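The structure that follows is given in the form of structure tokens.
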Amino acid sequence: MAEEKHHTEHVPEWKKNEIENIIELIQSHKVFGMVGIEGILAAKIQKIRRDLKDVAVLKVSRNTLTERALNQLGESIPEMNKYLDKQTALVFTNESPFKLYKVLEQTKTPSPIKGGAIAPEDIIVQKGPTSFPPGPILGELQSAGIPASIDAGKVAVKETKVVCKAGEAVPQKLATMLAKLEIYPLIVGLDLRAAYDNGTIYEPELLAIDESQYFSDITRAAQNAFNLAVNTAYPTSATIGTLLAKAFAESKNLGVNAVVFDSGVMDTLLAKAHVQMTSVASKAADKDANAVDDQLRE
Amino acid sequence: MEYIYAALLLHNAGKAITEDAITAVLQAAGIEVNDARVKALVAALEGVDIEEAIAKAAFAAPAAAAAPA
Amino acid sequence: MEYIYAALLLHNAGKAITEDAITAVLQAAGIEVNDARVKALVAALEGVDIEEAIAKAAFAAPAAAAAPA
Amino acid sequence: MEYIYAALLLHNAGKAITEDAITAVLQAAGIEVNDARVKALVAALEGVDIEEAIAKAAFAAPAAAAAPA
Amino acid sequence: MEYIYAALLLHNAGKAITEDAITAVLQAAGIEVNDARVKALVAALEGVDIEEAIAKAAFAAPAAAAAPA
Amino acid sequence: MEYIYAALLLHNAGKAITEDAITAVLQAAGIEVNDARVKALVAALEGVDIEEAIAKAAFAAPAAAAAPA
Amino acid sequence: MEYIYAALLLHNAGKAITEDAITAVLQAAGIEVNDARVKALVAALEGVDIEEAIAKAAFAAPAAAAAPA
């Protein structure tokens, strides 16, 4: 720190401008975030930058400059420095931190893993044909530990196999072959570590929204409202049909169950009596066919 | 349901469903007859096609047999 | 079927289903009674749980209606 | 069905289902009231647990017939 | 539900469902009528095909019937 | 249904469901409030155990009709 | 659930579900508003088909009705 302070006194012009630029971006946006950009190729960052342009501004800067810029700002903004790590970029937006998180998650895509990198989870090669004709690649696959053979004139993977366990380094040979097989074990994209919004720092655990939960909450809320309206007989355009149907069904139930002689339920009463008669008749006929008349014998 | 049974009994035997006939059947069964209900029954059956009402039940019955419950 | 209705009528009214009772009900309806059938019916219904048979019939139909098929 | 509606209206409002009450409700709706039907209705509902009778699905023959279509 | 029953009663009797008519029916039942509820009901019924709404009940009832099983 | 939602909002927040409160909520949503509907709602909810009314499945006519399709 | 009710209220009234609108509705109900929850709600609902979620409630009803009441 002491050394840094020492340097501050001799800050070159371009660094001062960079710091000013960061401060200005923070002040001109509602929300800013710290994102990890580890393992993302420069070309991909350019593409993401373009994709985000309507929602957020992405700025890659040196950590030391970011830190100095943040320290010059008020409120709890300097606390954001604890999310600075290697390969950190800043992102600025006028959307909510939740929206920012969602948009950044969408930048994540499967990517090839490099030789020597640690597998984030088990890397599995699935059994099945490849697009390669027989050739040297067969030997290359085999020597990388992938069980390949020739099948129907094509190179094929003989069996599904875990070729690298989670937490282990991926050998260079294997990494090359995985790329050839278009197996992309990494999910790479902007990784939001924290977002600052009006004095509050949001971490990803809070920002990750389960939309299906909201969906089911809405369903439940709508159901609650419908139940309440119908059960209290509150008529609205959404409930009047159900209320009428309910009243009618209850009336019909009462008419039939209490045997009220009303033209509205006579059909049902007659049908009910007939079915009861048939049911009793079949019991009687089971014992003695002569107990019932011909019509009732089956 | 005894009033309905009486009506269907008469109908099945090809007899007219009148207040007197229903009363007679119910009384023969030892049932104390409520005149208003007899009147209401006969009135409610006016214009009802009993065969059709029963036919609907016939539809219901086989369906019921098919039901898993 | 009128014999069964007569039996149901008696059952509903809480009366015993005897040959005499069924005969009386049928006669009150103006029906010429077949003694052998009455005997056979009364014998056949002995041991039959009429309540259950009725309840089953009443319940089966709506269940069928509820079935998605 | 208007007689039944009248009965349920009274029941829902916590009023006793009497001949006079039903007659008054029907007349207020401009309906010419048939005394026998009112008497029959009140007789049919005597001793009936209306809440239970409302909730218990009626025998559903017509609905069942419609279902398979 | 008494307001709904009043509306159905009027509908069944072939009468117009107006605020006055509903109020009269409810008052005849000895119910203290809430004007706002009457207004809300009449407003909600505007443009509603009552016959159609009722027809749906025939389908619904058996579904409800499946419940107690 | 927005009036019902307003009532449920207040209920959920542990607030009393009064005409003023419902009106305030609806107005805050930019809705032109109909006084009669507010009054009708408050009247309908008077004495109602809202938790119970929410939990009790409403009669399910329209959906049931859709089921057999 | 009051945040959800606020959102449904706005949706039902044909209003946009914005942070400001939700906050206004909740505040009008006398609720102390949590900004983060409002933000999360608005962001989440951008990806939710509210009509579909509501329609599902209508479907859920018969299932609920069929459930052991």
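So that you can tell them apart, the chains are marked A, B, C, D, E, F and G in the order they are listed, and the count of residues begins at 1 in each.
Rule of thumb we're sticking to: contacts are C-beta pairs under 8 Å (C-beta built on N, C-alpha and C of every residue); 3 or more make two chains touch, one makes a residue touch a chain.
Nothing here was measured: the structure is a model prediction, and the numbers come from that model.
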Using each chain's Cα centroid, which is most distant from the centroid of chain G?
C
Determine, using the mean of C-alpha atoms as each chain's centre, which chain is farthest from chain F.
C
Comparing A-G with E-F, the one with more C-beta contacts is A-G
Between the options B-C, F-G or E-F, which interface matches B-D on more than half of its contact pairs by residue number?
E-F
Determine the centre-to-centre distance between chain A and chain F, using the mean Cα coordinates as centres, and give it in whole Å.
33
Interchain centroid distance [CA atoms averaged], chain C/chain D, Å
28
Can you check how far apart chain D and chain G are, centre to centre, with Cα atoms defining each centre and the answer in Å?
40
Averaging only over C-alpha atoms, locate the centres of chain B and chain F and give their separation in whole Å.
45
Numbers and ranges of chain F residues touching at least 2 other chains
1, 5, 8, 40-41, 44, 57-62, 64, 67-68
Overlap residues in chain A, where contacts from two or more other chains coincide:
221, 224-226, 233-236, 239, 241-242, 245-253, 259, 261-263, 267-269, 271-273, 275-278
Residues of chain D defined as touching chain E within the complex:
1-2, 5-6, 8-10, 12-13, 15, 21, 24-31, 56-58, 60, 62-64, 66-67
Quick check: in the complex, which residue numbers of chain A touch chain F?
221, 224-236, 238-239, 241-242, 245-246, 249
Listed in rising order, chain F residues that touch chain E in their complex are 35-41, 43-44, 59-62, 64-65, 67-68
Once bound in the complex, which stretches of chain G touch chain A?
1, 4-5, 7-8, 19, 35-36, 39-50, 52-54, 56-58, 60-61, 64
Touch list for chain A against partner chain C, complex
272-273, 275-281, 283-288, 290-293, 295-296
